[in-house]
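There's a structure below that I have some questions on.
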Amino acid sequence: MFFHDRRLQYKVRVDKPNPQFARLLQQAIGGIEGEIRVCLQYLFQAWGNRGPAKYRNMLLETGTEEISHIEMLCTAVALNLEGAKGSIIDEVVSSNPVVEQIMGGMDPRHYLSAGLAAMAADANGVPFNGSWVVASGNLAADMHANVMAEATGRTLATRLWESTTDPGMKDMLAFLIARDTMHQNQWLAVLEELGGPSAHPIPNSFPQEEEVSSVAYSFISTNINMPEKPIARWTDGTSIDGKGVFTYEHGTPMGEEPMLAPPIREGYAQAEQMINKKDNI
Amino acid sequence: MFFHDRRLQYKVRVDKPNPQFARLLQQAIGGIEGEIRVCLQYLFQAWGNRGPAKYRNMLLETGTEEISHIEMLCTAVALNLEGAKGSIIDEVVSSNPVVEQIMGGMDPRHYLSAGLAAMAADANGVPFNGSWVVASGNLAADMHANVMAEATGRTLATRLWESTTDPGMKDMLAFLIARDTMHQNQWLAVLEELGGPSAHPIPNSFPQEEEVSSVAYSFISTNINMPEKPIARWTDGTSIDGKGVFTYEHGTPMGEEPMLAPPIREGYAQAEQMINKKDNI
Amino acid sequence: MFFHDRRLQYKVRVDKPNPQFARLLQQAIGGIEGEIRVCLQYLFQAWGNRGPAKYRNMLLETGTEEISHIEMLCTAVALNLEGAKGSIIDEVVSSNPVVEQIMGGMDPRHYLSAGLAAMAADANGVPFNGSWVVASGNLAADMHANVMAEATGRTLATRLWESTTDPGMKDMLAFLIARDTMHQNQWLAVLEELGGPSAHPIPNSFPQEEEVSSVAYSFISTNINMPEKPIARWTDGTSIDGKGVFTYEHGTPMGEEPMLAPPIREGYAQAEQMINKKDNI
Amino acid sequence: MFFHDRRLQYKVRVDKPNPQFARLLQQAIGGIEGEIRVCLQYLFQAWGNRGPAKYRNMLLETGTEEISHIEMLCTAVALNLEGAKGSIIDEVVSSNPVVEQIMGGMDPRHYLSAGLAAMAADANGVPFNGSWVVASGNLAADMHANVMAEATGRTLATRLWESTTDPGMKDMLAFLIARDTMHQNQWLAVLEELGGPSAHPIPNSFPQEEEVSSVAYSFISTNINMPEKPIARWTDGTSIDGKGVFTYEHGTPMGEEPMLAPPIREGYAQAEQMINKKDNI
Amino acid sequence: MFFHDRRLQYKVRVDKPNPQFARLLQQAIGGIEGEIRVCLQYLFQAWGNRGPAKYRNMLLETGTEEISHIEMLCTAVALNLEGAKGSIIDEVVSSNPVVEQIMGGMDPRHYLSAGLAAMAADANGVPFNGSWVVASGNLAADMHANVMAEATGRTLATRLWESTTDPGMKDMLAFLIARDTMHQNQWLAVLEELGGPSAHPIPNSFPQEEEVSSVAYSFISTNINMPEKPIARWTDGTSIDGKGVFTYEHGTPMGEEPMLAPPIREGYAQAEQMINKKDNI
Amino acid sequence: MFFHDRRLQYKVRVDKPNPQFARLLQQAIGGIEGEIRVCLQYLFQAWGNRGPAKYRNMLLETGTEEISHIEMLCTAVALNLEGAKGSIIDEVVSSNPVVEQIMGGMDPRHYLSAGLAAMAADANGVPFNGSWVVASGNLAADMHANVMAEATGRTLATRLWESTTDPGMKDMLAFLIARDTMHQNQWLAVLEELGGPSAHPIPNSFPQEEEVSSVAYSFISTNINMPEKPIARWTDGTSIDGKGVFTYEHGTPMGEEPMLAPPIREGYAQAEQMINKKDNI
């Protein structure tokens, strides 16, 4: 069950409202690297968690924290949009100042649809999409999904930090960047508990003898010019999971040219497709 | 530039066509864990790669291989759908056999829209979505995205392997599972070259002194009952990136209750929202 | 800021796991009538709220409650999917029992993608979409959006209640149905405070004298057979908002046939479109 | 069956073409508050209407009118885009004037994809989505969906009216705003016929004795600081539907910590998840 | 402006309601080959039409007809869903008959979300998407889009016709199939007026001398095995547009290996990507 | 199976980087008229092709070529975005130059999400959608889909060509425009082989005697004013497919007003909908 405090997890202050920056912040709310995604991702992982309960509990802790981050960012968007108000009042001589604001890079829906508030969308107004919420039922796979989310999320946050000179916004982002540092480490800590590199290949519960072992540790080059083996970690030596040895080979078709049956009558293909397969190669 | 051979990378054989299994295979084609995603993801990462060219080259190699995997899976779908044909011809006494087939779990669009062939969609017919293609411009973040894609992808492949008793299909999936083993190792090999855990926090080019350092390595509990510190890797000891020490704390609001300005006239809020803020708390 | 208790808001018990019912429950999680929608909708309305703070506070209260409802439903999905396990173990003689389960109406992605857990999607596997989160900045419009969400949401919940005979599931749904009763009343209570019917037309801050008043309270029939005025509340008497009198009229074009300029050269229309407009009518 | 007249329902005149305003108008065409949504929503409600035919007939009348509104707005977009032409011809000295126009806030796809015409998308180019069409089979729920659509739609229209100084555009919007006034009243009139507030809780055909009655009229606070009961309509007195009495309480978990079974073998979770549940709490 | 008659364009009769067939019919309503798409496509083409008005008028005629087709299909869905009612009443002994129906292949949202009526979605419940509405501003391109829509649409309709034995449904589909015959011919008739094959390449208003003419009529083989020229219309003789001669060649890279600049500091790539480009090839 | 050469199919040179033009190029990558669509469309048609193998082979050839076009365009986007770097360094005096760039019309996600590289999205940042990939199983329908894709694609390319003065970009686009010329001719060549206009109505394998023949070649006017027959190819003479004679008629309802059964109890409609149907007309 969930509870709230009216106060924010960290202070959100906008010194100079900037409707354009409000648009950029949307990426951190409703974008694929954003906070709605990690919030739902950690919570869905917790709610579906099977196995040691300590992981469920931890996911619940951090999933809950992420709601607070959405809240901070939505507040920041609303405060930045108050800049739209200023210009409308100040530049009342201009023929249609709202349009000017919007045309200067603001998301027009911040005014048209939301009345100067945040939306569940990214910096281009593309709505948040539930398909981004990854909860696979495999704990190690999920932890990698989480590291990835925090790595792209922290990269986004640093770019936002770079995009503003507002001290309040820089401070808020510096907080969120720090939390992303922790969260990356946190998911890596779980991976360490799960065996680190030797947890691979994920899932580790599938019997590896069922794989086509001849290609399980082989870098297959698809370069038509068949270049020599490059000097790289992935072409030589023991594999990272410690369960094989890297090799390098030039790819070549191991299968045949596929042959499909002719169309069935009920599929209403064109009549010309119905002729005998043998005749038409 | 790209080229093809008409033969498949690996043999695709369906011993007993099964339209229901065709539907399941769609998840591996057009689902978020599927091959269109990794194919485009590796190619977009290659085409946008900045920095050492060896990574660009490798991404191009494997991105190209993934096209061959889409091809194999689409062929497998088409062959499994030839089972729909069988039943239609055999059970011609039934009042409407196509509907029966479809109602037995086949994706109806395999017949209605594709005439017994694969589609760029997942196992529920939800179309592939370009937002799943992650290419962040940060090499380490991208490698984590790739490990995650191959971890969820291999998990999917093992579940598909479990869902069929067809020897041909099991063989094809055993090949794809093996390739996922390699690809997980391959992306981990890049991460090892980039420094392994010490590459974190990603991006490592952002000056960490700009973070709010007090919360950069702290597990913040949001549990209302303030439980004791759990015994876990993420609450004690040196952080995984080696740059901090894990601490544990009970979260508490560090910000204030947010105060937004009243609506602007041009926003056409309800008149009752326009009253003086101070009066209405 | 947000907190949680590991216990659920209300008990979730599944007496007889049913993977098919798990699929139906998804509509209440990630569907347009579902709990992710109302949760985000109330929270975004709170976070963007301008005007009397009491409404912000209330939205925050109930938005937080809705997270607990998502949690309950996700737990219910996971428990119902444990039925998939049973059948797999019991019917091990069957050639591929997982496929049979899936083909019996289970969402295949519950197994393939989630490993027997809930997803942020609806009953057909269509992902949750952020566009459903309505927060317009006009409090009365938002309250109507909320009444509508709870009305369609409660209707969905009663249909789910009808679709199961499991006592545990019926109990959980009876709780959620009751909460929807309260929430409908709650949003209506705000509307009563805002003036009830006389709050219309929304927004009430737009000067009505700017409307084309001749059509502001007129039912315009578009029926080609020009039927007589029906006996109905919307064709006679004072309008519901008390600001006009309903009239009834047969629609007729008040505009002209539109005339667009010919294509510009840079638009690369077909050459045949470039001829003089006057000549080609 | 449907018919048309080549003339528009109301005159559409653009005095000074403005490609930027064309972009804003898209929200009223293909946005969630737009005319495609209400058009399809009323028509689908009519086509699926069960019960008294007078409601079906009315929905058909107004659904048909909304097609005329889409037509007016699409014409307005096309006329506003003729401004793009002017600037291209006038500013021919500039190196690439089309790009300048586009970069000045025009939707680039208005030129690139549509050749200066309207599209079935919103102001950010996000396509219209059929999930917005609400037709629940419950007449009262649908009427609330319609009031909500007209409330957010009229709010949008007033903001568009505010965003232009073009007399022709202001006149067209003043017509549409007036129609939204009527349509809000119209759906409210149906709700009055259905019993007004006493129609709640919707659906009113579900036996309320099946609800968990103890929470059916209770405002549950989720505020961690347990504030005192606020002075508000929704915490005291008879409920709006007249069927209960509002109470106020501090939320507390009524359920338990959920316990899921360990993963099944066929789910290919990580091996570490398979250990005995009891041992790992 | 638009009008309606309450009667349908053609009779819709369902002799034996079939909820499963209702699901299949959805593809013809809200699928990419469906009637909402062609309806909006022809209307948007009409509303944005520039050039000879006769085409605008014709598009308006047929776009209006398509609304009547959506109406027929939605009625057919609603009537087929009345079969769900039957089984619920008849098989009341079964523990949860609605679920059984749904699990037998019915779209669960037909019951859960729509109360036994049609939705703006396809046969898998994927919502209609406005991106499918093609109106390019080039009349010939649009006519090809229309031929394509009617060709895939008629193919779908024949497959639906094949999927039912209900005489009423077969009759309705036979009507729609006939209309698709006409519409294919109609758009081809416009193309004939525009010059037929010689209208290509579309757009014909772009000066062909600006193309890289050496590859404008050349079939470029990308087959790694460099097969001999096949005997086919597209490798020999005058091109279909009459403006070139088909040739056949084996593709070979005409460009170079691309070289991107190293990442900018503000992009926060990984530090390892920042090294000097020359050094790392 | 697929292979690559590191060199591009054609040279990609950007003389003056332009982040705004990078945004426009996205339409040709991830838009509905773009190269990902045609690439996947031709490959899926090939992989599902049934009937004469020569068409499969050809589709494979050209589908492979299209990957090379995506590659060229992604490279062009990355090179154009290097302009963002320049301005950031040059205009370092400005308070936040990145925001200025973005607000000048650049896609903000090119910086925020991709670190100055291409994305699988259109010019408005809307992600590529797999529903655009048309492969119907009917060869003639597919060829029309392909002509349409190349017609709208070439129109887009000419508009992009018009939108830049950069010689390198104009050269690359001139190459792509030429390839679109060939591809239009190529698909038309298949249609010629399949019988040209006489291949219609598509599918030609459906027995036309099953159609409602009275309306199969009739232009049905839906104009309420019943205009006279226009002088046009589609109202007179032999139909284009040579199988009928065009006629012209004024549409009139051939069906009746639909009558749906009242709601079922389990649908939880509003009680007022349950009354006897006969009484409420």
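Letters A, B, C, D, E and F mark the chains in the order given here, with residues in each chain numbered from 1 onward.
We take it that contacts are C-beta pairs under 8 Å (C-beta built on N, C-alpha and C of every residue); 3 or more make two chains touch, one makes a residue touch a chain.
Because the structure is a prediction, the values reported are computed rather than measured.
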Message: Under the document's definition of touching, what chains do chain C and chain D have as common neighbours?
response: A, B, E, F
Message: Do chain D and chain F, two copies of one chain sequence, contact each other through the same residue numbers, with over half in common, or through different ones?
response: different
Query: For the chain pairs C-F and D-E, which is connected through the larger number of C-beta pairs in contact?
result: D-E
Message: What's the distance between the Cα centroids of chain A and chain F, rounded to whole Å?
response: 27
Message: Rounded to a whole Å, what is the gap between the Cα centroids of chain B and chain D?
response: 30
Field: For chain B paired with chain F, centre-to-centre distance based on mean C-alpha positions, whole Å
entry: 26
- line: Shared-interface residues of chain E (touching two or more other chains) are 1-9, 32-33, 47-48, 50, 54, 57, 60-61, 64-65, 68, 75, 78, 98, 104-105, 111, 113, 115-116, 124-127, 129, 131-132, 136-138, 140-141, 152, 155, 158-159, 162, 193, 202-203, 206, 222-224, 251, 253, 255, 258, 260-261, 263, 266-269
Field: Complex interface listing, chain F residues touching chain C
entry: 155, 158-159, 162, 224, 266-268
Field: In the complex, chain A residues that touch chain D
entry: 1-6, 47-54, 95-96, 98-99, 102-105, 107-109, 111-113, 115, 124-127, 137-141, 194-195, 199, 202-206
- request: Could you please specify the touching residues of chain A with respect to chain C in the complex?
  value: 1-9, 30, 36, 40, 43-44, 47-48, 50, 57, 60-61, 64-65, 67-68, 70-71, 74-75, 78, 113-121, 127-133, 135-138
Statement: Seen from chain F, its contact residues with chain D in the complex are 18, 20-21, 23-24, 27, 31-33, 104-105, 122-126, 152, 155-156, 159-160, 162-165, 222-225, 251-253, 255, 258, 260-263, 265, 267-275, 277, 280-281
Message: Which residues of chain D touch chain C once you look at their complex with the stated criterion?
response: 3, 5-12, 32-33, 54, 57-58, 60-62, 64-65, 68, 72, 75, 78-79, 82, 84-85, 88, 98, 111, 115-116, 126, 129, 131-132, 134, 136-138, 140-141, 144-145, 147-148, 150-152, 154-155, 158, 161, 171, 174-175, 177-182, 184-186, 188-190, 192-193, 197, 200-203, 206, 208, 210-224, 230, 232-234, 239-241, 244, 246, 251, 253-258, 260-261, 263-264, 266-269
